[in-house]
Structure formats: structure tokens, C-alpha cells
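Letters A, B, C, D and E name the chains as they come in the text, with residue numbers starting at 1 for each one.
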Amino acid sequence: MSNLKDAFKQNKVGPVFNGGDVAQAAIEAAEWDNPDKEITVVDKGAYIRISAEQELIITRESMEEALGRDFQMNEIEIHLGSMAGQIEVTPEQIRFYFEKTL
Amino acid sequence: MAVFPISSNFEGDFVLQLIPVDTDDTMDQVAEKCAYHSVGRRVAPQPDKIMRVRVHQATESLPRDMKVSEAGWRPTETIDIIFADQ
Amino acid sequence: MAFEKVCTLDDVWEGDMDCFDTANGTSVLVLGVDGGDLKAFQAICPHQEIELVEGEFDGKVLTCKAHLWQFDTNNGKGLNPTDCKIAEYPLKIEGEDVLVDIDGIEPFTAHS
Amino acid sequence: MYQIPRAEWYDLTRATNWTYSYVSEDEIFPEEMSGSRGIPIEAWETYDEPYKVSYPEYVAIQREKDAGAYSVKAALERDAYVDRADPGWISTMIAHYGAIAVNEYAASLAEARMARFSKAPGNRNMATFGTLDENRHGQIQLFFPHANIKRSHQWDWAHKAMHTNDWASVAARSFFDDIMLTRDAIAVSIMLTFGFETGFTNMQFLGLAADASEAGDHTFASLISSVQTDEARHAQQGGPSLKILIANGHKEEAQKLVDVSIWRAWKLFSVLTGPIMDYYTPLEHRSQSFKEFMVEWIIIQFERQLADLGLDAPWFWEDLTNDLDVTHHGMHLGVWYWRPTVWWNPAAGASPEDREWLEEKYPGWNDTWGKCWDVITDNINNGREDLTLPETLPYVCNMCQLPIVGTPGSGWDVKDYQLEFEGRLYHFGSEADRWCFEQDPERYKEHQNLIDHFLAGDIQPADLPGALTYMGLGPGEMGKDAHDYAWAQAFKKQAEVA
Amino acid sequence: MSDSAQTLKPLKTWSHLSKQRKRPSEYEIVTTNLHFHTNNKEKPFEVGQDAKMNDWYITYRNNSPLKHDNWDAFRDPEQLVYRTYNILQEGQEAYVTGLLNQFSERGNDQMISKEWAADLARLYTPSRYLYHALQMCAAYLHQISPASTISNLGTYQSADHLRWVTHSAYRTCELAKTWPDVGLGENEREHWEKDPAWQGFRELAEKALVTWDWAEATVVLNVILKPAVSAAVQKQLGLAGAENADTLLSLLNDAQMRDAERHQRQTKSLMEFAMSNDANTSIIQGWVDKWQPLADKAIDAYCAALTDLPDAAEDAKAYVISVRKLFGLA
């Protein structure tokens, strides 16, 4: 697999959750919050990878809607095991992004 | 005569091993001592071949009767042991 | 009186308990109570013949797992309920060995 | 939660640098501990941690995480999964805890280095939480294996391993001491939190959790994936440091720190995680191959992150991608062959079905690694166990402290990368290992590896039993084949049928 | 290899704890004997001897004038572990959150005078610098202490000090909403660097920060600096708050005192443990004698600014003496 050297030249960003209802809610929220994007979900059992091209946003509002309860954005940390891309967290949303496009 | 440590890189094996040889050993004896820790353990014997010794990644094998003391090796020098027809 | 070896000091540490059989098959519960002393009691709860070793022991109080009967391991007296107790066997230590004497001591049953 | 949103007061919690006058700034932040590299303190004050948390949030969230992980343990304890788990999986846990638990605790010291010596106040605060995180990881990964200690003396190594001279312990310490305990605050933020934690911990704590979950070990899966949620936060400390270094003309050095950290992490994972994923985890529970996990987490995710922060792919990137097919197979074979020298029971993972899987995942495996395993399998089946056990030591690398390995069999390609430096001959397992040494010879040159100690007479008697004693391995601790050679029996039956 | 595992007695706990013949607590299981880098006193880390960090640890940890045969035998009297620390502090933060919200609803900040608001801007809100210095000092103790059970004191103390920083920062922001023109959130650094009230503490904090010997650093932080901070900046300022209708301040400071008092109990144990080696007593007392004048000076300067409390400095110093006595020191 000689092409591995360039395998990183892609732009998928997004969270990796270690399960829980938060992960399921985040999948829904990602669909709502990124209407123009194709959201990819890969479920590996112990972790679920959610991704989109270049930027993916999840808002607190959508999480509350999906969970049907109050949600503080930083609660996401309880299940956020990893992420592709850089991260920016505010009380209202969490954003995964790349500055550069490869 | 004195104990002389080398690092054995045996053809077909996967790892370098510490082998104490003797400064009076010939290259054939060095090969035998290295073979003890590789052949029949992780490397299948090749009875129709002989084993030749060379400095790691050198192109030429050393004379079979050359002694360790004559080879100019540094302690822990890495030595390749190669199956050869002659 | 006949003391017999049931275990060694290393078998029951302070805060631990374990159950051992004597030569005639009597089960004895040995406890390492707070402070380092060892105590030996009947192995079965007087309530419903549950093995006490499966319960909880905090260094002072022994609690049966079945109905949470509790005993003071200083003297075997019931703490809850109070109208019961567990029989204590004399215990002594020789070198590394722990010896108990079960002669003439019968385990209690129910509210006795 | 406090009523006023965090964003309104958060900056005040990190407006904590002042102009020192009773002692100098250089005294408060000695260069060897701070590593500010001549970049003025005002520049470090622009450090902006992307993943913010405040104290009340931290204790609330962490309490909830612990409640989750500990309740899973309590619920599953009576289930006694460990008593019916596959021996290969038990070995996975025992190897993991020994190599990881106490080093996680040690990582809290590295976090504390940033908490005290970073010139960036935001870094200091995040590292204060990071110190707590690593305190958690050390403690929880000691508490869980302790519950199994009655089952085997090998579980004792969760605590004991790092206190010994076992070669695997030395290799683990050599890596962790190098990237976290002996570095300045900024180097720690880059080598530990960025180089290691945004990259490789994903392999051990999420990749392995996927296998654990497949294997039915929900305690372990929930534990390590919970650990990784802390890592995901405090790993974000390195990014802002990198940005400041690059903006202030130190890209080359930043790149070097990252590259050393990545290479050294890779080598450690090739001996720890590689064998676990491709050989110890029972075949039916392997969710992906080690290489596939590496591609997912390191080659694609982590390397992409590097590029986004303005760094280049490490110069050895092509070597690394090629070595994904090689190194860990050699490390596994070495660990298995020298099994008395480790504190777990290596699973050979070389049954006919295993080999079929390996051939599929690593085309050519049977013709290379398989050749060695053929000889081993025959020896087992012919009653010659003695020939499957070592009588000398493997030569270990002067950087990673691991055996120098390469491809065997028909693709034989084992190389030693030697270097004569100040009159001493050093041996390295790769070009990149040698390169790490050359970046800072003063740091490494006096280190004695296992072979050096052996040749210096520190190991007595100077034979394998002497080495086992030196390594701290007693009866009941030395590794043996996890499945008592059951995997080899299938070949015997095949031969008989034929 | 013969399999002799069967003949071995099963372990009940880590081998290093087995000699005690006592069932170990969770605290002992997870906190004891974790510093593998104290095993080889001449060469702490698995890198070449020339790596500079070896020297730092040899000089400031291994060669400390304070000696003990087995620092690893130290036990935290609070038996704090990570899990219980979070439970404890989540509870404490719930209490503080309740205080903050309740007093906010009650209009605490509207009820204080502008003069007191200005005093707070000068004497209270700059405290985040001081607390942060404590946070940094404790983080140093964590990385330099000779036993994991001692390091852990630094871990949780450092976090507690960040907690105090957080309270100060939050209150700075909250007070500024009611009192926007007294410099809140703007002038703290200047007050901290220049106001005479703070200079004693700043001098002490800066000098504490560059005390590298682990044992002296421990004494300076926990025997000298922190009791002085508690006495003046927490207790006396809290009393001044009560005098000025600022009940919230005194309750908040009381809440922080619970952390400080826990640190005192831990310090008391550590001092007793250290002084079980008689030779250490005079060394520790020597450090106290060397540093206490700076602390007294800091208390005098700070308390002089608390004009509502004429006895503040005397009371504060009396408190400090009582804490030293608790530690078994003169």
C-alpha cells in the first residue's frame, strides 16, 4: 500500500464518541446543524465516528432537541473520546474544522 | 583468546542476537555459534549449504579460516551469516 | 480443650475474613479485626444458615449478605437485631500458625 | 453551574502573569524547565486553549465519568468475566496495565511541569486539570487490575513493572521519560500532549476498546474509553504551543520535537499494541488489524492534524507507513520467543486460522514471518519446546530499547543502523531511531541498554536466568504460551490427516 | 520453564503492600509507591546521565537536607483519591454555586457601598494572582516530591488553588456588572504589582516560587505562605466583608478555608512524619525562622489596608502562630 503516504490528504472532520445516548443525539444534531453536508457515521461498537468535509458543527440547541432534555455543551466531554480536526467549544456549540483544505 | 561479543544477523531470521564468540574462533566457528541460536529455532536448516560470515551489509564474505582477532571488528560489531554454496 | 491449626497469619490480614474447616469438618470464620487481633466465630449466620464469609466485614462489624444481620466482632453480639449472637471460639497464635479450639462450643441458631 | 456564562469571566482566570520584581522572570521560569526558547512572555500570553473547562465544570463532569466507569466495574465484578475470558485477552490486559498504569501517573508530573513552568497562563490552568486527569488514569488503572490480583502474580505487575529492569519496562520508561519527565514545559506540551496524546493514545484507548467490546470485556472497554475522553481534552494543550512556536520562527524545532515523539511512540506501540491487536485478541474478536487501526488513527487522522497546524509530515513518514507491515510482527515474534522475560503470557496467534487472517491482512506473511513460525510449530509438535525458548539475548536498539528486528524468511531484510559516536558503537533498529539520537546525543549517549549492562557485568550470572533475575521476574510471573500450545496442535492434526 | 505458579500463594494485594498483612484501602492501592524514578538515586530517569533533568531531581529532591529512610511510607490523613476528591469538591462547588446564585438574587452587590466595591477592587479581586502563585507552587511540589503520596498532596492542592482563582475571577466579573467604574476586571494587575497592601505577599509569593528544594518549598508553601494567606486574605478580609454588608465574601472565603484547613491537616501529618527523624526538626524550624519574617511583613502590609479592623494584623499573626503550633513548630 504505497499510497498510504498520502492517505492523510483528505478533509474529514468530526467527533468520535465512546457510545451513549449523546452519540446518537449528536448524529441527529449533526444532520440538523450541517444541512448542506453529507454526514458520515462509522460505528465501531466501542466508538462511533461522525464526520463531514472541512467543518462540522453541533449546537447545544440541537442536542437538547435530540435528547429531549437540557444539555450543557461541555457534557459532550463525557463521551467525546477523540476527534478529527481542530476543535472549538463555546457554551452554544462545538465546532470541528480544518484551517487548510488539502 | 578472549570472549568477544558480536551481534548476529542470521539469514532468514528476524532479529539480531548477542553472541559471545572467541577471538581465536575462525569464521566457520563464528557461523556455528550464531547458527546455534537461529537454525532449527526460527530458521530451517539448509544442509546442502555452508554458512559464510560477512561484516553487516558487506558484499564480500570473509575467509572461512580467518580468525576473529584478524577481522578488525569492533566489540558488538554486527555480522551477517549467509547460506552459500561455497 | 484441644487447639488445632486452621490457617496461618498470612491467610487472614487485618480487615480480612476467611472460612476454614477443622479436622472434624466444623467451619470456623476467622477475622482480622481492627488493631490487628484475630477472632474466630461460627461460620454460619444464626438467622438462616447463610455463610457469613460471603457478607461484609469492615474491621469491626460483620454483616450477613442475606438479610443484613450485623454482629460486633469484638464479642459476637448482635447489633441488628440485638437479640442474637454468634458463637466465638478460643483462638491462639503459635509462631505463624493460627489455632482454634472448638470443643464444647455449639453455633447459635435463630434468636437465642 | 454559575449563573454568569463562563465566556464572560474565563479570561480573568488566565490573566495571571505579572511583572516579577523581587526575583527575575528568568528565575521564575528557568529555561531548562520552561523552554520558552527566547520567545517573549507576551507571546506566550496569546496561548488560547481551544478546549476550555472551568473548575466547577471539571469536578462535576469528572465525577460523572468516574461514577460511570466504577459502576460498570461494580456491576460486572460478580460476573467474573476474567475467569472465562480467553487467555490471550487476559494477557492483553496484563500487558496493558503493566506498561500503562504507572506511566499514566507519571504523566501527571509532566502535566505539573506545564502547570508550574509554562509561561502561558492558559496552559498552566489546563495542565492543572491535566495533572488531575493523569492522577485519575493512574489510579483507575491500578484499582481495576488490583481486583484480579488473587488470580495470578502477573497482575502484580500493573504496579510493579515500572519499578523493574524488565526490558519492556525499560523500553516504556525510555520513551515516557524522554518525552515527558525530562523535558521542559513547552516540549512536554508538544511531545506528550500533541505528539502522543492526540495521536497514539487513540490506538490504545479507543482502538483497543473496540477489540475489548468485541471480546465482551465491557469493564475494560468502558474504562479505557473513559480515560480517552480526558485525553481528548488535555491533548489540546499542544496545538496552541505549536502555533506560537511556528509564529515565532521556531517551526524547525517544533517539527523536530513532534517527529521524535511520533517515532518513539510508534516503536513502543509496535511492541505493545501491535501484538495485542493482531495476535493476542482472539481472532473472532479482532475488529480491525493493527495496521488498519494505525491507518485510521495515525496515518489519516493524526497526520492530517499535523498538516493543519502548519507542520510537515515527518521525514520518516514513508518508512513508517512501510513499517506498518513489518515491525510489530517482529516485535511479537520476539516477545513470544523470549516469553520468560515478560510479565504476561504471550498468545502465539499462529493457528491455521490466525495465519489465514494474517496473510489476508498482511499479504506475504506466510512466506516471511510464517517461515519462522513453521520451524517453531514443528518444534512444539515434535516435543522440542526447548528449541522454542531463548538461550541468549536479542540485540536491543540504543534508542527504543527494543529488539532490532526486520523481515525474515524469503524476504529477509534485517538491518542494523550503527553509529560510532565518541568512540562507542551504538546500534539502532531504524534510520529514524538513529536520527533521534543524533538530534541530541548529550541526552542519550551515556544511557546503557540491556546489552550494555550485560556486557558490563551488571547481570549475574551472565546468562539467561541471571537476566531474568535482573529483570525482576520470579516464579509465576514469567510469561509462557498463553494457550499452552493448543494453536500448534491443529497443525499436527492437519499433518496426521494428510 | 517449569510452571511453579501453582505452588505460589495467591497475592491479596500488590506485593509491596503484602508485608503489612493488612487489607489495603482503596487509597493505599492507588496512591502508594508510584515514583519509580526514586529507585535509582544517582540516575532518576531512563535517559543518559547528561540529560539535565537528572541533575534537577538529584539536586532538589534526592539531595534535599531533609532526610527520611522511606518517604513512601507517608500517608495522607484525608486518604484522598481522585474519585473522592471530585465527589468532595463537586459538593463544595454546589454549595458555592448556591451561595453565588442566592446572593445574586438577593442583590448582594447592590447593597454594598461604592467605597467597599472600590476596596474589593483593590484588596479582594487581585487575589487571583496570589492564588495562582499558590497553584503554581503546589504544581511544583507535585513534580518534585520524593513519594507519590506526598506528590498527591500537591495535585489536589494545586487544583484547590485554581478553584480559588476561579472564585475570584467570577466575583470580579460579577461585581463589575454592578460597579463598572471602580476598576474591577481592569486594575487587578496594577494593584497586585504596586499597591502597598499586596507587596509583602507578592514578595513572599515570588520568592516561594523560586524555592527549588522540595522540602523547603513544601515548608514555604504550606507552613509559611498559605497560613498567612488564610489569616489575612481569607479570614480578616472576610471579617471586613461582614463589616461592610458583604456577607457573600465572608461565606465564600469560609468555603475556601475548608480547603485550606484540609491542607493544614495534611501538612501537620507530613511535618510529624518528617520530624519522626529528629535531625529534620531543626532544619524545618530553620526554614520557618528564615521565612516567617517575610510572612509577618506581608500580613502587616495587607492588614493595614483593612481600616475597619484595627486588630487585623495582630489577629492574623496569632492565627498563624496557632497553625504553626498545630504543625509542631515554634
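Note that in this section contacts are C-beta pairs under 8 Å (C-beta built on N, C-alpha and C of every residue); 3 or more make two chains touch, one makes a residue touch a chain.
Here the structure is a predicted model, which is why all the values come from computation and not from measurement.
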Task: Any chain in contact with subunit B as well as subunit D - done: none
Task: Labels of chains that are neighbours to subunit D and to subunit E - done: none
Task: Per Cα centroids, the chain farthest from subunit B - done: C
Task: Chain occupying the middle, per Cα centroid - done: D
Task: Distance between the centres, which are taken as Cα means, of subunit E and subunit A, whole angstrom - done: 39
Task: Euclidean distance of C-alpha centroids - subunit C vs subunit E, Å - done: 45
Task: Rounded Å distance between subunit A and subunit B, as computed from the means of their C-alpha atoms - done: 56
Open item on the list: Can you work out the whole-Å distance between the CA centroids of subunit C and subunit D?
Closed with: 47
TODO: Identify all positions of subunit C at which a residue touches two or more other chains, and write them in rising order.
DONE: none
Task: Residues of subunit B whose C-beta touches two or more other chains - done: none
Task: Multi-partner residues of subunit A (each touching 2 or more other chains) - done: none
TODO: If two chains touch, include that pair; go through all of them.
DONE: A-D, B-D, C-E, D-E
Task: Of all residues in subunit D, those that touch subunit B in their complex - done: 329-330, 333-334, 337, 369, 371-372, 374-376, 379, 387-388, 390-395, 403-409, 412, 414-416, 418, 420, 425, 427, 451, 454-455
Task: In the complex, subunit E residues that touch subunit C - done: 9, 12, 20-23
Task: subunit D partner contacts - residues on subunit E that touch it in the complex - done: 1, 3-5, 7-8, 10-16, 26, 29-31, 33-34, 36-37, 39, 45-54, 56, 81-83, 85-87, 89-90, 93, 96-97, 100-101, 104, 128-129, 132, 135-137, 139-140, 142-143, 148, 151-152, 154-156, 158-159, 162-163, 165-166, 168-170, 172-174, 185, 188-189, 192-193, 202-203, 206-207, 209-210
Task: Touch list for subunit D against partner subunit E, complex - done: 1-4, 8-10, 12-13, 15-16, 18-23, 27-28, 32-33, 54-56, 59-60, 62-63, 66, 70, 102, 105-106, 108-109, 112-113, 115-116, 121, 124-125, 127-129, 131-132, 135-136, 138-140, 142-143, 146, 149-153, 155-156, 159-160, 162-163, 170, 173-174, 177-178, 181-183, 340, 389, 442-447, 475-476, 478, 480
TODO: Quick one: which bits of subunit B touch subunit D in the complex? Just the residue numbers, please.
DONE: 5, 7-9, 11-19, 36-37, 40-44, 56-57, 74-78
